[in-house]
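Note that the chains take the letters A, B, C, D and E in the order they are written out, and that residue 1 is the start of every chain.
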Amino acid sequence: MMKLLSQRLLGPVTLVLLALTFWLGLWVTPPDKVQGNLARLLYVHPAVAWVALYLSFGTATIASALYLWKRSRSVVMDRVAHCAMEVSLVFIILTLITGSIWGRPAWGVWWAWDARLTSTAILGVFAVGYLALRRANDDFELQARRSAVVAILAAINVPIIHFSVQWWKTLHQGASVFTPGGNFKVHGIMLTTLFISLAAFTLLFFWLLRERYRVEVLREERQRVSLDEALAQRRREGVH
Amino acid sequence: MIRTAWLVAVKDLRIEQRSRVLLWQVLPFGVMALVLSGLALGPTHAGHSSAGPGLFYLVMLLVALLMINRSQVIEGSPGTRASVATLGLDPAGVFLGKALALAVELWLTGLVLLGGAVLVLHTALAGTLSALPSVVVTLGALAAAGTLYGALTGGGQGPVTLLPVLSLPAFAPLLIAGERSFSAALHGGALWRWWLISLVALVAYLGIGILLYGVLEES
Amino acid sequence: MSSPSPEVTLRDAVVLVGGFPLLSGVNLDLAPSSLTVVTGANGAGKTSLLRLLAGLVTLSSGAGVVAGVDLKGDLRELRRRVGWLGHEGSFYDDLSASENLVFAAKALARPTGEVASVLERVGLSSRAATSAKQLSAGQRRRLGLAWLLLRRPALWLLDEPYASLDDDGRTFFDQLIGDVVDSGATVVVSAHDPLRSRTLAPRTITLAGGLVVADRS
Amino acid sequence: MSSPSPEVTLRDAVVLVGGFPLLSGVNLDLAPSSLTVVTGANGAGKTSLLRLLAGLVTLSSGAGVVAGVDLKGDLRELRRRVGWLGHEGSFYDDLSASENLVFAAKALARPTGEVASVLERVGLSSRAATSAKQLSAGQRRRLGLAWLLLRRPALWLLDEPYASLDDDGRTFFDQLIGDVVDSGATVVVSAHDPLRSRTLAPRTITLAGGLVVADRS
Amino acid sequence: MIRTAWLVAVKDLRIEQRSRVLLWQVLPFGVMALVLSGLALGPTHAGHSSAGPGLFYLVMLLVALLMINRSQVIEGSPGTRASVATLGLDPAGVFLGKALALAVELWLTGLVLLGGAVLVLHTALAGTLSALPSVVVTLGALAAAGTLYGALTGGGQGPVTLLPVLSLPAFAPLLIAGERSFSAALHGGALWRWWLISLVALVAYLGIGILLYGVLEES
C-alpha cells in the first residue's frame, strides 16, 4: 500500500517541488547584491552537484558492492548500479555546465585549476570509463563483475579527491572560490529555497533512476523475446 | 592508387566506427590527459594560457600514439597480414589510405580537445579559431609520419612499445612547429612561418610514405 | 549409464554470447572414467560445449554440474579440476618449452624433475630450449599435451587434439587417452575424424545447431 | 616431369630465422598445373617451405624461381601471384565475413556480386553478417577458402587445409582442388592425412629436418 | 600466496628481461618524453625547476601505462589465459606477483628518470635524494593500482585502449600526492603528510587487489 502510494506520487511530487524551486528561485528570492540575477544558480548548481557526487555515485557504489557480495549477488543490483551510474554521469555533466556558466561571469573564466573542479571532471571520466567498460565485452557475468570493481575503485578515490581539496587549498591560496558566505547574504527565504531545491533534485534522482531502471527491464524483456527467436533459429540449423 | 587509398581508409574507419574505440576510449583519454597535465604542472603553470598550445599538442601526441598503435592492431594477426599481402595492394595507396583514416580520427579528436583547451586552459577563442588551419596541417603531418612509423614497428606483437621511442624524435619538430604557430595565432607573431614548416613536413612525409611504404611492409 | 554420481550433468544448458546462442539447450550425462567423442559439423557447438565444461564460459540458463562443481557456482574451483587443450597455444610464447612446463610444475607444487620426462614423452626433448612461439603447429600441440600430462586432471577436455599432429603424434595420443581413462579420469574429445585406435570404444555424441542430435555408444 | 617452364624451382634453398635453419637445402621442381602434397613429421619444415614459396620469408642461400619470380627478386610481385591459406585466420577479425570478402573483391577489382555466391559455395551464407572473430575454427578455415576462391591465384599454397574442416568441408575441398588443378593452376598442400579423393593422384613429397627425403608420384 | 606471488613475479620479470623491452624501449621513451614535455612547455615554464616534480610524475605515469599494458600482453592469448586458469593459482598471489614485477620495473625506470630530471630539469640533487622514499612508495602504489586496472581491461585485445581512461582518474590523486611530496622535498614543506597519502593508497590498493583480483580474472 505504502509502496504503491510512493510509486504513484514520486513523479508528481518531484515536479511540484521542482516547480516550487523555480518559482522561489526566479521570482520570490531577491537578486544578489554582488552577482545580481546570476546568484540564482545557487538553487540549481549545488543541488545538482549533490546528486551527482554523492547520491547517484554513492548508489552505484553500494549497489556494486552488494553485487559482488556473494549472498546478494543479483542482476537487480547490477542493473541498479548501471542505471545509477548513467544518471550520475548526466548530473556530473550538468554540474560542470552550471558551474561553468556561473564561473564565466563570476571569475571571468570557464574553468579554473581548482581542486573541486578538477575532481569533478575526474569523477566524470570515471563514470565514462565505467560505461565504456560495460560495452567492451560480450560476457555478461564478466562485465558485471568488472564494472562493479571499477565502481568500488572509483569510490575509494572520492574521499582521496575530497580531502585533496583542502590540502590543495592550503598550499595554493587564491584558488579557492567556494565561499558562499562571502558572496551571498543567505536570507531566510534563500536558505529555504536552497533546501527545497536539494529536496527536489534528490527526488528527481530517484525518479530518474526508477524510470531508467524500468527502461532497462523493458529492454531486457525485449531482448528475451528476440532471444527465443534466436534460440529457435539456432536449433533449426541442425535440421537440414 | 587513389582507389586503393579510398578502400583502405573506408575499411579502417569502418572498423574504428564499429569498435567505438575513438568515442569511448580515445576521446576520454585525451580529455583526461589534458586535465592531468594541467594538474601535474600545478595551478601556477597551467593557469597561464601560454601553456595551452604546448599542452594541447602534447596531449594530441599521446592520443596519436594510441591511435597509431590501434591502426596497426586492426591490421590483424600475422596470418591476416600474409593474406592481405597476397592481394597485392599498391603500397602507396595503402599508405595514403591508412594516413587518411588516421588523420580523420586525429582531426575529430583535435576539434574536441581544442574546445577543451578553450574551456580548461583559457586559450582565447578567436586565436584558437585562427590557429585551426595550422592545427589541421600539423595533425595531418602527424598522421602521415605516424602511419610510417606504425608500419615500422607493427607486425609482431612485441614491438608495440617500440613505437614511442622511434616516433617521438620524429614528432618533436612537428610538435614544436605546431606549438609555435598556435602560440603565434594566440599572441600575434609569425604565424605563417611555422605553418609553412608543418606544411613542408606534411608534404615530405606523404612523399616519403608513397615512395617507401612498400619497403616497410611485412616481408 | 548413470553410475553413482555422473562426472558431467547438463540440463537444458544454454550459452549466450552477445545475444547468440552458442548452445541452445544441451542435455547430457557423462559417466566417470569414460571416453566421449563429440562430433558435428563446423559451427555446431563442439568448442562451445567443451568451453562450458571447462568453466571458461558461463551458463546463461539451464543447469549443470561438472566434476562435482555447480556451473552456477565457483567456476575457479571447476577450472582447477579440468584440463583444457584448445585450438590456440596454451602457454607463454616468450618462455621456452621447458620453462613453460617448469612454471606449470611449480604452480601445481609438482617436482620440477618431472618436466624432462614429460618433454621426452611428447617428443620435444630436442626443442626444450626453443621459445614456444617458434615451435611448429604440431609441436605447439604437443607442448599443450605435455602441460596436461603434468596437470593430470580428473576431467580432460580436448578440442580437436588430432589437428596438426603427425602420425606418430596421433598414435601416441591414442595410447595416452587409453591410459588416462584406465587410470580413472574422464576424457571428452572433439574431433572430425573417428579415433584410430580400435581398442578404444568411445561414446560418440553428435551436435548440430547447439543441440545434441545423436548419441551412440 | 620438367615441362616447358616449371612453376617452382628450388636449388639448395636454405631459410634461416634467428640463426636456426628452417629449411636446410631443399631441391625441388614442380610442374605447372600439378597437385603436390607435402608431408613430414611435426617440425619437419612443411610450413616453412610453403611460406618460402609464398614469398613470406626470404631465401638465405641457394636459388629459386616461383611462378616466374626469382626468390631473390621482387617478393611483392610473387605474393600477388600466389594464394595462401595458413594455420591462423587470414582476414580482419572485426569485419563480418561478407565485409572481408567485399574488401578483397574491391582490392582485386573483382565485381562484388561474386561475394554472395562464393559465400554460398563454402557454406557460410548463414554467417555472412557474423564478425570473423566469432566464427568457429572450421568456419574460419572456410572463410579463408572463400578468400582464395575470389583471388583465383595461379599458385595455391595451402597449409593443412583439412585441419578443423568437417566431413562436408573436406569433400568440398577435394572437389575444389580437383577443379583448380584442371583449370590450370598449381596446388601445393601440406597435410598429415592422405587426400581422400581417389580421383586425385598427387605427387607426394616428404620432408624431414628441413630437407626433401622422399618424392613419390 | 607468497609462493605464488614469487613464482609469478619471477616469470614476469624473466619474460621482460628476455625481451629487453624495458631497457630498449621503455627507458628511451621515458627520457624522450621528459625532454619533449620540456619542449612543449617552452623555455619559460620548463626552465623552472619547480616544474620538475610534476613532469617527472607525468612521464612516470605514461611509462606506467606502457608497462601495465605489457604486463597484460605477456599473459598471452585467450588460449594461454584459459590454460593458466586451469592451474588454479591463488588470485591474491597472482596479483601480488604481477604488482611486484611491475613495481620493480617502475622503480628502475624511476631511478633513471630522476637522474634525468636532475640533469635536464635542474631539480636539486639533495632534495631529489630526500624525495626517494616517497617516490618509492608512490610508484609502488601506482604498480598496485595499475595491476588491478590492467586486469580490468586485459583479456581481449579490444579494450587495451580502455586502460588509460579507466586508470588515469585513479592515478590522478597519486600523481598529486607524489608531486606534492617531491616538491616539498625540494623546497621544504610538509613532506610527510603527502608521503602518508601515498602509503595509504598503496595499502588500500594492495588490500583491494588481494580481495578482489579473483573477481576480475578472465572467466
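Points worth noting:
In this section, a residue touches a chain if its C-beta (ideal position, glycine included) is under 8 Å from a C-beta of that chain, and two chains touch if they have at least 3 such contacts.
Computed from a predicted structure; not experimentally measured.
No other two chains have as many C-beta pairs in contact as B-E. Centroid to centroid, with C-alpha atoms defining each point, chain B and chain E lie 26 Å apart. Averaged Cα coordinates give chain C a centre that lies 38 Å from the centre of chain E.
With centres taken as mean Cα positions, chain C sits 46 Å from chain B. One inter-chain figure worth recording: chain A and chain E are separated by 31 Å, centre to centre, where each centre is the mean of the chain's CA atoms.
The multi-chain contact residues of chain E, meaning those touching 2 or more other chains, are 19, 158-159, 162, 165, 168-169, 172, 176, 219. Residue positions of chain A with contacts to 2 or more other chains are 118, 122, 125, 128-129, 132, 136, 139, 141-142, 237.
Residues of chain D in contact with two or more other chains: 87.
By the definition given earlier, chain contacts exist for A-B, A-C, A-E, B-D, B-E, C-D, C-E. Chain C meets chain D in the complex at residues 17-18, 20, 40-43, 47, 87, 123, 127, 134-139, 141-142, 160, 163-170, 192-193. By the touch criterion stated above, chain A contacts chain C in their complex at residues 138-142, 223, 226-227, 230-231, 234-239. Note for the complex: chain E touches chain C at residues 4, 7, 11, 14-15, 18-19, 74, 76-80, 82-83, 85-89, 91, 214, 217, 219. Taken in their complex, chain A has these residues touching chain E: 68, 118, 122-123, 125-126, 128-129, 132-133, 136-137, 139, 141-142, 145-146, 148-150, 152-154, 156-157, 160-161, 164, 167-168, 171.
Taken together, the chain E residues at the contact with chain A in this complex read 145, 148-149, 152-153, 155-156, 158-159, 162, 165-166, 168-170, 172-173, 176-177, 180, 189, 193-194, 197, 201, 204, 208, 212, 215-216, 218-219.
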